[in-house]
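Quick one: structure below, then a few questions.
Residue numbering begins at 1 within each chain, and the chains themselves are lettered A, B, C, D and E in the order written.
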Amino acid sequence: MPMNENGEFTPLIVAFCCNWCSYAGADLAGSGRLAYPAEVKIIRVPCSCRVNPTFILRAFQKGADGVILAGCHPGDCHYSTGNYYTRRRMTLLFSMLEYLGIEKERTRVEWISAAEGAKFAATMNDFAAKIHELGECKRLEDLRCK
Amino acid sequence: MTETLIPMIGVITDIRLDTPDVKTFRVVGRDGKKCFSHLPGQCAMLSVPGIGEAMFSITSSPTNKDYMEFSIKKCGCLTDWLHAMEVGQEILIRGPYGNHFPVESELKQKNLLFIAGGIGLAPLRSVINYCRDNRNDYGVLDIVYGSRSKDDLVDYREILEEWTADERTRVHLTIDRPQDGWDGHVGFVPDFVRELAFDTDKTVLLCGPPIMIKFTLQKLLEMGFAKTQIYTTMELRMKCGVGKCGRCNIGSKYVCKDGPVFRFDELDELPDEY
Amino acid sequence: MRKLSSDRMSELFERLDSLCPLYLPGEKDGAVSFVRYEQGVDYAVGALNTVRSAKDFFFPQVENIAAFRMTGKKIEILENQNGNEPFVVFGVRACDAASFSLLDQVFLSEPVDPYYRDRREAGTVITVACGEPDTSCFCTAFGIDPAEPKGDISVWLTDGFLYWQPRTDKGENLTENLTDILEECDGGEIKSYQDTIKTIANQLPLANLNLSYWENTDEKEIFASPVWDEIYKGCLGCGLCTFVCPTCQCYDVRDFDCGETVRKFRCWDSCMYSDFTRMAHGNPRKTQKERFRQRFMHKLKYFPENNGGLVSCVGCGRCVRSCPQGLNIVKTARRVSDD
Amino acid sequence: MQITKTIKKLVSEGKADRVFGWKKGELGFDTEPALFTEDFDSVVYNSLCGANLCKYMINETKKDGTVLLLLKPCDSRGLQLLTKEHRVRREKIYALGVPCRGKIDVDKISDKGIKGMIDIQENGDTLTVVTLYGEQTVPRQDVLYEKCLSCVGKEHVGCDEVLSPELSEDTTVNDRFAGVTALEEKNPEARFAFWRSQLSKCIRCNACRNVCPACSCVKCIFDNPSSGMDSKANADDFEENLYHIIRSFHVCGRCTDCGECSRVCPEKIPLHLLNRKYIKDIHKLYGDGDEAALLTFTKDDAEPSVVYERGEGHA
Amino acid sequence: MQRIGVFVCHCGSNIAAAVDVKQVAETLKNEPNVVFAADYPYMCSENGQQLIRNAIKENQLTGVVVCSCSPRMHEATFRKTAEESGLNPYMVEIANIREQCSWIHKDRMTATAKAVVLGRAAIAKVRLNAPLTAGESPVVKRALVIGGGIAGIQTALDIAEAGYPVDIVEKKPTIGGKMAQLDKTFPTLDCAACILTPKMVEAAQHENITLYTYSEIEEVKGYVGNFRVKIRKKARYVHEDLCSGCGVCTQKCPSRKGGNEFNLSLDKRGAIYIPFAQAIPNVPVIDTEQCLKFKTGKCGLCQMNCAAKAIDFSQQDEIVEQEYGAIVAATGFNPISLDKFGEFGYQTYPDVVTSLEFERILNAAGPTKGHLERPSDGKPPKTLVFVQCVGSRDTSGRGKEYCSKICCMYTAKHAMLVREKYPDTEVYVFYIDVRTPGKNFDEFYRRAVEQYGVHYIKGMVGKVYDDGAGHLMVRASDLLANEQLTISADMVILAAATEPDKTARSLATMLTASMDTNDFFTEAHPKLRPVESPTAGVFLSGFCQGPKDIPETVSQAGAAAVKVIGLLSKNKLKSNPCVARSDSLVCSGCSNCEKVCPFGAITYTEAEVNDGTGKEIRRIAVVNEAVCHGCGACTVACPSGAMDLKGFSSNQIFAEVDAICR
């Protein structure tokens, strides 16, 4: 289990952020110096609908402990309908992961606008806290990567 | 012989740009010595971790005791990577694999006719240089070599400077289409072979793209050569190199083990699936 | 020969497992496979064959070969620790036991496959005679006797007793450790049991498979048979038959990027897969017909040609039972030879 | 036989020039998919014809002429999907619906301890199993495929002609989603244990994929080295999860619930429980319209947090 | 194999204070393929950029990673920098180590470690980057406006004024639209015709405007900058170029049974007719349903009387094909049908009329020549009841859930006009809410109440019925007084809800422009791109995008025109190169990608492919790069992975994930 120098569990969290809203929201959180844990690493995608379930599973395979998707609020998608598809895809995928017995708190979708820097930071803090609580992700890891 | 499937580390000590898409790489072991000895026509498996593994003909002659050379055409993931390498890069190598041209038996004292097209010269270069280095064991060497253009002739310098120097070696070059600065023959290899009207006392070693092999074989047979006189070398989806992984067979023969060198009469007995 | 009362079988398993890890057929979620013996695991005594064959012990579906680390222009080879700890497999049937000698032909011929060799050396095979060969069995067509299975030790399970016959040094050595629970006997008791087996085996519908056409016909001729154009039609191109087959041995070698290192592993491959022979510039076996033909030509013609007439089939009947579309080697062999 | 008569009539009328159906196998009780260009008398259709033939049409309709295709009700939905996704040339198929009263799972007969089976005869609701050791009778209903016991329905869709639909019988005894519900009611640990145990049996033979009418990709991502996703072997437990999770996701909203995946699995992994989970969720969240759920949306769809907010052991 | 350079920016102390930039540069230098790494105080400064340019040249870099502020800030800058040294701009990736690292992490070790990971991810991505070139397509410098109401006219005029040819396609025989039917306009009460007709004339006479009236869109192909449109010019049976507009034919026509559409059938017209006096073009049209010549083959009076020989019974529909760079939808609206609102007696009682009908009744050119007469007996009504929100804000499913926006104001206008001209009338207005958010709107409404004594009653009308003595009775509730009312009315005027024109739906399909559930065109962004549709090159003007009054319509019309002018002013369109790409060897042609594409960028073609197993004709997806916006929705809908997104390819994202999770 990855630990910091204090012996605390340091999870790995991958955040997929859409370029137009949530990535900008993350930037705004940055300019507002709103801290959230460094274990959150952001990958920029044009739209949340670019996120393929395989990306999420790949992250878990390679050792991520939580994966969060952030996109524009429904109705505000830069491409008008992208996040509606995201919403359906992820609802069904997450439901399936839960059905397979993967802790459902390890995956999340949030709608964060470019103006919601505070929400971005709060969301990441909350998500990271949850992952801290859950500990290391055992159920979707690939033993070869450990 | 390296252990099955486990490669050894080779170091690239020289890279030569032969044609716009063919490079020749010189490989030695970490100790600076030749990785293993081989016979003309044999292959080795080269790989880069995470990129891929593929079988290549060893182009240098077994008589070269210092290093091995591979002439590699850029045509895919692994070869792209290899072409981008710099001197000093380590790669993985295992081998030697397959049979070889019967240089010490059937070919001995024979007049040899080498016919190659494009990168097909690579496997034959090993034999040619082997014969040149054991010059008294072989008769006249005729080398017919053709390529798309002058720039696509692999080993052009070596051909001009070394091969032509020997009076019992005759080099016949051709390119597909006329080109400025080329006063040699222009035309396709099969026709050129026909034009050259060789005596049928020669043993033929033929290598090149499938279509060239097909038509050249046809011409040779028309000229009176027998299939028992003609050898070729095949490249077929080899993976393990030791005849066990099961994918490179033509009928009951494994290319990596029973080949890659076949005589055409042997191929005739096998199902037509290559 | 030795024997043991049937009700003491778990005692035997306990003892065997204490000597080295023991594997035996057990049921898991509705399918029988070889499982590691532990308390509470029941020996699937009634199951004729496991879904997967026993070849997995010597030629597992996946095995790591090596790992590499690349730093700058340097490559480091990290040797793989392939464990070759001794182990025992109990409950191998005559057909699977026969398959090992076919696999040996491939993996133990030069150049020897070290991974297979090591596992072969480490494993002790205890075979069990088939009390009731079933419809899909046709091992007798290959001269295999289900009443007299090969292996390091052969076992017969009659009503009330387990009979134990070591056949090799390895078998003898193992038996040495068990003399306290296995009592000596002359073995005459199993004769009638064996006779029953033979009677059943001879009545089985597939047992009379006749391969003389395959033996006596040129490979090019069989290859060119027009029957191939028809019989592959139902083939899905999946790898089911090859993966459950005890004699299929095609494999692939691949890399897996683990981040810090790249792992080279070997895994089963199937000639039924469309990408089995795919190359950058084409595929010599373009349609399922060619792939289907390759599988059976290999088993029934090419393999025998290269291995002194040995057919690469042991009649275990797994393909007969599990092919979802009802295709199998018997059907193919018979139809091509117009039997 | 009625079917043979109909086939001959249709072929003589020029409706088709060849037939894709079943023929008798090597044993008394197996059948195999086959193409007939003549000898239509050897076309077999009985309760042992479990295989779904619609996917063969991908290759078959690339050729000239028209194929007469025999379709059970569940197969007809597969053909409809393949047609909708332009994977078959529908105009080259004469789809003949054939009645279905459920198909027999031979393994279930074996599981009853019946050995040495050499033939199966059907008499109404009873099967007579002929064995080396004599005859035994088995109630037909006991040995139907799992897929038949929770069949979507015996109505053919999109057929050019349906033969004697009155001979079809409803074989559904289980609620289609009962298996899914039962799993949903377990806690996550139990669910994980169930699936890990099931999926770890997988040998990656790809039979489930290759038989699936929704898995009709020219090249599957799992076979494509440049997809970044290729995973040929079950090199790790994870790969099994990955393969089956992604495969079920790819057929999500497209699965016709024909049950072939579970039928063909040599390891008896209940793969239909994955697909049906998606179907159940789709019905619950988006209604059961026929349009593929992942290819459309409404503005007030449920949020992914519905999963998060659901209590443990929800139904 | 790439040769990558890594450039770590201090951003003064913005990054350097929290991140050990030197260590980041040094660590990343050991990454595979990295051949150069440096740090610099301000990478975006001229000197910093020079450093990058030099490094690219000196080290023959094929890829650049800049670890700096957000790519939203300087990605464009560094791409340009790279381009200046001959590197493809899309070979640059940014690792955001300021907003997403140094600014939020105080601990230097943590921040440095994260910066390294972010750098590694960018390196992993750039390793798989491929040079991308923005596609270019020429722009046809001509615009199409669909709809000839005030929205369409205004848009066309503005575009034409900017010097671009523009065609208006109007399905009715004349342009003018709904506004032409209005009497006065709120809140200024100026005459609609007086302000509209000059614009109509201007449009007709403008050298850059071509009118296609009595015409419909048949087919739309192509994409932004290059639409190819087929227009069906329906047969008028009158040659526009010959007709002098004298109107003799309309007088000679013996058929008088056709309902006059312009007056909402409150009166009749001939079979050959000019919709209204100021119609443009001032050319009659024959209604073949009514025309005796067409019905019986006898008559032809009009033709005989036409001095210009303009009438031609054999005229056929004509298809005109034209290319356009941009298309504006201005299809307008209609009042909804009141069939489902039986309680108001609209179908039963002639004196129950819609507001638009009332508009015609008040109009001097209307059926009553502007005299307030009730339709049943022509008597002047004394008590008038206006009912608002008939079908608007209706959640029962009979009407529309939205507010039609204009009814409050025109009802106030009607009430006021009635009271001003006929002070002896009593006017009641039933409302749910009175909504007056507009310049001078609330003042206008208050005038109606305070100055003109209109009775505004908050409450809904429950039933309109005949008391048996020929009186219309209106039963309603007064919510404020909390009582039931019954009013004996001479006329009831219903403010019917509005809805987009029915033809908009099929047009949207042709344009691949999306619509909402109410059949209003969807805008590309509800706040920031309100006049563009999500389909590039298709713009929205007026009511078709959502309920609007005249000033709003005109301003949106102008805005749409500006967008069109902006587009047409370009000679070539440069497209975003980060668009979807379909691998023809892998594509199964299943159409799933097409179904999720919001822009209609994906089409299918039968193409010959050879994946190594022989040539085959397959149906495969083709992405029109000029139309694709690069959202990536298709990449996930594609099960085979044939669809990928350039610049954000699956393998690039996998590489980033792998690098982060290493």
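As a working rule, a contact is a pair of C-beta atoms (placed from the backbone, for glycine too) under 8 Å apart; a residue touches a chain by one contact, two chains touch by 3 or more.
The model shown is predicted, which means the values in this text are computed figures rather than measured ones.
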Which contact partners do subunit B and subunit E have in common? C
Any idea whether B-C or C-E has more C-beta pairs in contact? B-C
Which integer distance in Å separates the CA centroid of subunit A from that of subunit E? 35
Between the Cα centroids of subunit D and subunit E the separation in whole angstrom comes to 46
Separation of mean Cα positions, subunit D and subunit B [Å, integer]: 51
Send over the residues of subunit D in touch with two or more other chains. 221, 229, 235-236, 294, 299
Quick check: what residues of subunit B touch more than one other chain, meaning two or more? none
Please set out, as single numbers or ranges, the residues of subunit E touching at least two other chains. 596, 637, 650, 654, 658, 661-662
Subunit B partner contacts - residues on subunit E that touch it in the complex: 1
Per the touch rule above, subunit B residues touching subunit E in the complex are 80-81, 84-85
Footprint of subunit C on subunit E - complex, ascending: 30, 32, 612-614, 658, 661-662
Please give the residue numbers of subunit C that touch subunit B in the complex, ascending. 65-66, 68, 70, 73-75, 77, 106-107, 111-114, 219-220, 223-224, 249-253, 255, 257, 262, 264, 266, 269, 271, 276-281, 284-285, 290, 294, 297-298, 301-303, 305-306
Given the complex with subunit C, which residues does subunit D contribute to the contact? 25-28, 30-35, 51, 56, 107, 110, 113, 115-118, 132, 197-198, 201, 203-207, 209-211, 223, 232-236, 260, 263-264, 266-269
